[in-house]
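Here come two complexes built around chain A, the first alongside chain B, the second alongside chain C.
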Partner chain A sequence: MQTESKIRAEYGTDSGPRGPGCSLRHFACEQNLLSRPDGSASFLQGDTSVLAGVYGPAEVKVSKEIFNKATLEVILRPKIGLPGVAEKSRERLIRNTCEAVVLGALHPRTSITIVLQVISDAGSLLACCLNAACMALVDAGVPMRALFCGITCVLDSDGTLVLDPTAKQEKEARAVLTFALDSVDQKLLMSTTKGLYSDAELQQCLAAAQAASQHVFHFYRESLQRRYSKS
Partner chain B sequence: MKETPLSNCERRFLLRAIEERKRLDGRQTYDYRNIKITFGTDYGCCVVELGKTRVLGQVSCELVSPKLNRATEGILFFNLELSQMAAPAFEPGRQSDLLVKLNRLLERCLRNSKCIDTESLCVVAGEKVWQIRVDLHLLNHDGNIIDAASIAAIVALCHFRRPDVSVQGNEVTLYTPEERDPVPLSIHHMPVCVSFAFFQQGTFLLVDPSEREERVMDGLLVIAMNKHREICTIQSSGGIMLLNEQVLRCSKIAGVKVAEITELIQKALENDRKARKEGGKFGFAESIANQRITAFKMEKALVDTSDVEEKAEEIIAEAEPPPEVVSNPVLWTPGTAQIGEGIENSWGDLEDSEKEDEDEGGSDEAIVVGSVRADAGIEACSVGSQDAPIVLSDSEEEEMIILEPDTNPKKIRTQTVSAKQGKAPSKQPVKRRKKKRIAN
Partner chain C sequence: MAQAAAVAAQSLAPGKARAARTVLDQVVLPGEELLLPEQDAEGLGGAGERPLLLNPGARSRVRVVCGPGLRRCGDRLLVTKCGRLRHKEPGGGGGVYWVDSQQKRYVPVKGDHVIGIVTAKSGDIFKVDVGGSEPASLSYLAFEGATKRNRPNVQVGDLIYGQFVVANKDMEPEMVCIDSCGRANGMGVIGQDGLLFKVTLGLIRKLLAPDCEILQEVGKLYPLEIVFGMNGRIWVKAKTIQQTLILANILEACEHMTADQRKQIFSRLAES
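Here is the complex of A and B:
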């Protein structure tokens, strides 16, 4: 089994347009770049870029008020045209993920609004949206029980696993799986998949995503350490 | 979320400062804030920062049939969006007065000034023309949206490349960027808006008002001009009377400002072109200042996935094998079939048990049920807990699995002995349990 996986990894090196199949593209993050929102972050994964702004805890409309916790709202704006069904579905996935970690009970009868703007889409958009949302929530100082990150992985027609795919790899893939994992014990918060895969492949993807999440959380930590450092 | 109101003392402070020819950010009367233009990896994508005001511009194109009265002209479409990200008061999906005003002004500045050669966008007269769509998203609102948006729009249009097309007879061929280099739009001139805010009924004038200044201003004059000092649009709003000389003075200032801005735009476009030509790095990732404390970058990270397969196998081995559900349909009578056993209907349970409590022991039906069950000798799963469901089956199937959603986490497998007695099986397990308790 060990040898087989190695062969696969090497095969990924040859076929992948950006080096080894199981690597993450370069990451970049900038926090607090907008003056109006309470917290903001722009997150880049390769050429994919998402800008997030967070308002909250703030005043809530009476119709949306929840008496024992904060109302969480996610708005995802596409770059071209008006938001459609795909954006609505992503908004819901992101909202459910955030609701799982945000300690809304500490701020009852308030609203927490996350506005996400797609700056450029070059694959793994949902994962990038999740990462941007997390960094913006951290910047806004919203209390959370854990951090979260999004990881996308794809399975090629020959079963090769690729992490953090580009748009081209996503298009050619047999299955695209996106997971949201929490930082405490890498438990699954959300998963959405497209395409066909076996249960063994699902577990493989999940294990790979958990391994990759360590790198993302490490990136979060270093980024925040730098932010709150003195120089 | 509502806009935070400006307090009276803030208002008075701002106006007093303007009277003393001072601005809160230390600018002079005619100074613009810093303009920063960055480009994305795609063609026609840019972010313009005017101080803290930030606008994202993206140009896209598609082939459409032209308007009936303009058979040989392409279509230009502008859409400015005020995202909630920019300010909490902006509501998504609402056409506010401000938004309509800004969109209209942009159209007049860019479409009606004929800065884009729309005739060159025609592919087949009367059949196929290019529709150029300019999407502008306000990301952060710190005053003077229109100047930032007009700069973003013209920069994005200049940066944009549309796919090349060729026409042979009636056939239109669209080339991908790999086949043929995309072609830029033909742009005649670059109109840029310059805003002037007036205070105290036109006594004081400021160029490029910030958000705070916009809130206390009496009137606004927007002049769209190109670097040849040709006025493309002029609009005065806020209901303020301006003198002839004031407008002329503003147009002179606008001429100077537009020349500066145009030079900056051309320099930015030239830099990006060079970066792309030399194959260097470009895009937003490069524009993030690495020395800034709030920014952080990480190079490509290799993820060790060699043990992934083993882990997956472990998990699968540990997991309970999925139950093999036999789902041969059982035909009761012609026209009604049943697949599997199904879950016991719990609708009537509560009422039934209450009824039983009322007539203790007097219910003959329940006794019958009990006796039938004893006769039938059907082996049911033991009543482990009080809530454990008792499931009966009389079907011919070897194995039957009943999934009980919440009461019992373990799947119950009942080995059904083929009911040879042929008696009507009980369908009221709850009643039976009840009866048992009574008997005890």
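Here is the complex of A and C:
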């Protein structure tokens, strides 16, 4: 109980050192900040920031139409330059995660487009993209089975586990693991890893990510409650 | 504050479903499960929150309607949209539960009155853009007094106020501009002047709620003509362009104001 409120206090304060209760960096989220898309959100994790816009359920091109469910499309725009192979691969991971939770069967023959713009990358970019996409989908009112969040963790050369790493920590790490978890029973929706790690370490990282996801979902709830408190 | 944290932590714990009654008018998130109160005749005294039996053989069957944002999931309700949980109790049964969310995209619903823009004329139907995922169709015979000889005067770009007669996820939505007796009843082509603007769907529902004072207050300011479409479009016309713009701005601003703030604004406008 006490740790809960301690963490809550930390969310609102600073982006300084990580507190003892929560090993994630400071997060912030703003919803409905763009006027043109049906839903939008910007998500900040430390110095990493992503802006997401969702359009849908909207008209779909005949070539992309699926007769029994909505066509989900994810576009990831890097900060500078044109999207490359890395962006395409991330787009696919995000799309697969979203497909697992969005109830596309309720809007057949429509398209749901998620556009993610990277504003600054300071580590854990994929996790931040996933969080921004989730908040934007909620803002757009797309029907979903559950919420989801992304958590990145890294393993150092001496085996220490760091959650929500910065770019420097990611670079020096032996292994980088990113998980997407759902809010109902913290089940794994997507995982992507880079580097060498043992079976036990994977389980350890997953358990740490599941524990950390509770904080993210708690933050989602607070931020959505704040949004609906105005009406 | 500490209590709120406890509630939130409890709801996020796996396998914990909250009773729908206890979260009425609170914010619910996708993925939450809600328990329905059991309302059998003999158990009124000690009515505990037990899962509702939905199998047809059971005696204690209660009819509960899942509105927007909710789905049936076994014997519970699964929330699929974020918003405030609302409940309306009709004469008998368990009533209607729904989630009141603030979204911008419209999904056609049968019976809704909407404002559409005619985008194409093809043969005997018009294509009308209503803001949904595909344009609605409108037959030229679905106007008051229209016959095969006497076609209504509708041009591309005109605004139409109509009602959905067919709207489901698998079919093209279809609109009409007459009621079941064949009368226009206020529907049809909207006049030339005036201003059309878009707001969120939540604001339209708020403005059209029977207990909403905004419309009466606005009516006292200037004489006006106004049309609300459930698809988030409002058409307004007053005597001058300036008055029309003032009205549009007031209505847009009403969304994020409390009742007291609105009262202040209206009294200030009435003075000036």
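FYI, the second predicted complex is superposed on the first by the 207 of 231 C-alpha atoms of A that agree within 3 Å, B and C clash if a C-alpha of one lies under 4 Å from a C-alpha of the other, contacts with A are read in each partner's own complex, and residues count from 1 in each chain.
Quick note on the criterion: a contact is a pair of C-beta atoms (placed from the backbone, for glycine too) under 8 Å apart; a residue touches a chain by one contact, two chains touch by 3 or more.
Quick caveat, the model's predicted, so the values are computed rather than measured.
K.L.:
Would you check which partner chain A:106 touches, where first means chain B only, second means chain C only, and both and neither mean what they say?
P.N.:
After superposition on chain A, A:106 lies in contact with chain C alone.
K.L.:
Which holds for A:39: it touches chain B only (first), chain C only (second), both, or neither?
P.N.:
After superposing on A, A:39 lies in contact with chain C but is clear of chain B.
K.L.:
Who does A:145 touch here: chain B (first), chain C (second), both, or neither?
P.N.:
A:145 sits against chain C, while chain B stays out of touch.
K.L.:
Tell me which partner A:115 touches in the superposition: chain B (first), chain C (second), both or neither.
P.N.:
first
K.L.:
Where does A:186 make contact in the superposed view: on chain B (first), on chain C (second), on both, or on neither?
P.N.:
It touches chain C, and chain B stays clear.
K.L.:
One more residue to check, A:154. First (chain B), second (chain C), both or neither?
P.N.:
neither
K.L.:
Of the two partners chain B and chain C, which one touches more residues belonging to chain A?
P.N.:
Counting contacted residues of chain A, the larger count belongs to B.
K.L.:
Applying the document's definition of touch, where does A:59 land relative to chain B and chain C: first, second, both, or neither?
P.N.:
Touch partners of A:59: chain B and chain C.
K.L.:
Name the residues of chain A shared by its contacts with chain B and its contacts with chain C.
P.N.:
In chain A, residues 1, 4-5, 32, 58-59, 111, 222, 227, 231 are touched by chain B and also by chain C.
K.L.:
Name, in rising order, each residue of chain A that touches chain C in their complex.
P.N.:
1, 4-5, 8, 32, 38-39, 56-60, 101, 103, 106-111, 138-141, 143-147, 182-186, 214, 217-218, 220-222, 224-225, 227-228, 230-231
K.L.:
List the residues on chain A that touch chain B in their complex, please.
P.N.:
1-2, 4-6, 9, 18-20, 22-37, 40, 42, 44, 47, 49, 51, 53, 55, 58-59, 75, 77, 79-81, 111, 113, 115, 117, 119-120, 122, 161, 163, 199-201, 203-204, 206-208, 211-212, 215, 219, 222-223, 226-227, 229, 231
K.L.:
In the complex formed with chain A, which residues of chain C make contact?
P.N.:
Of all residues in chain C, those touching chain A are 1-2, 5-6, 8-9, 11-12, 14-15, 27, 29-31, 69, 71, 78, 80-84, 101-105, 107, 132-134, 169-170, 202, 206, 255-256.
K.L.:
Show me the residue ranges of chain B that touch chain A in the complex, using the header's touch definition.
P.N.:
1-2, 40-42, 45, 47, 52, 54, 56, 58, 60, 81, 83-88, 92, 133, 135, 137, 139-142, 283-285, 288, 292-313, 315-316
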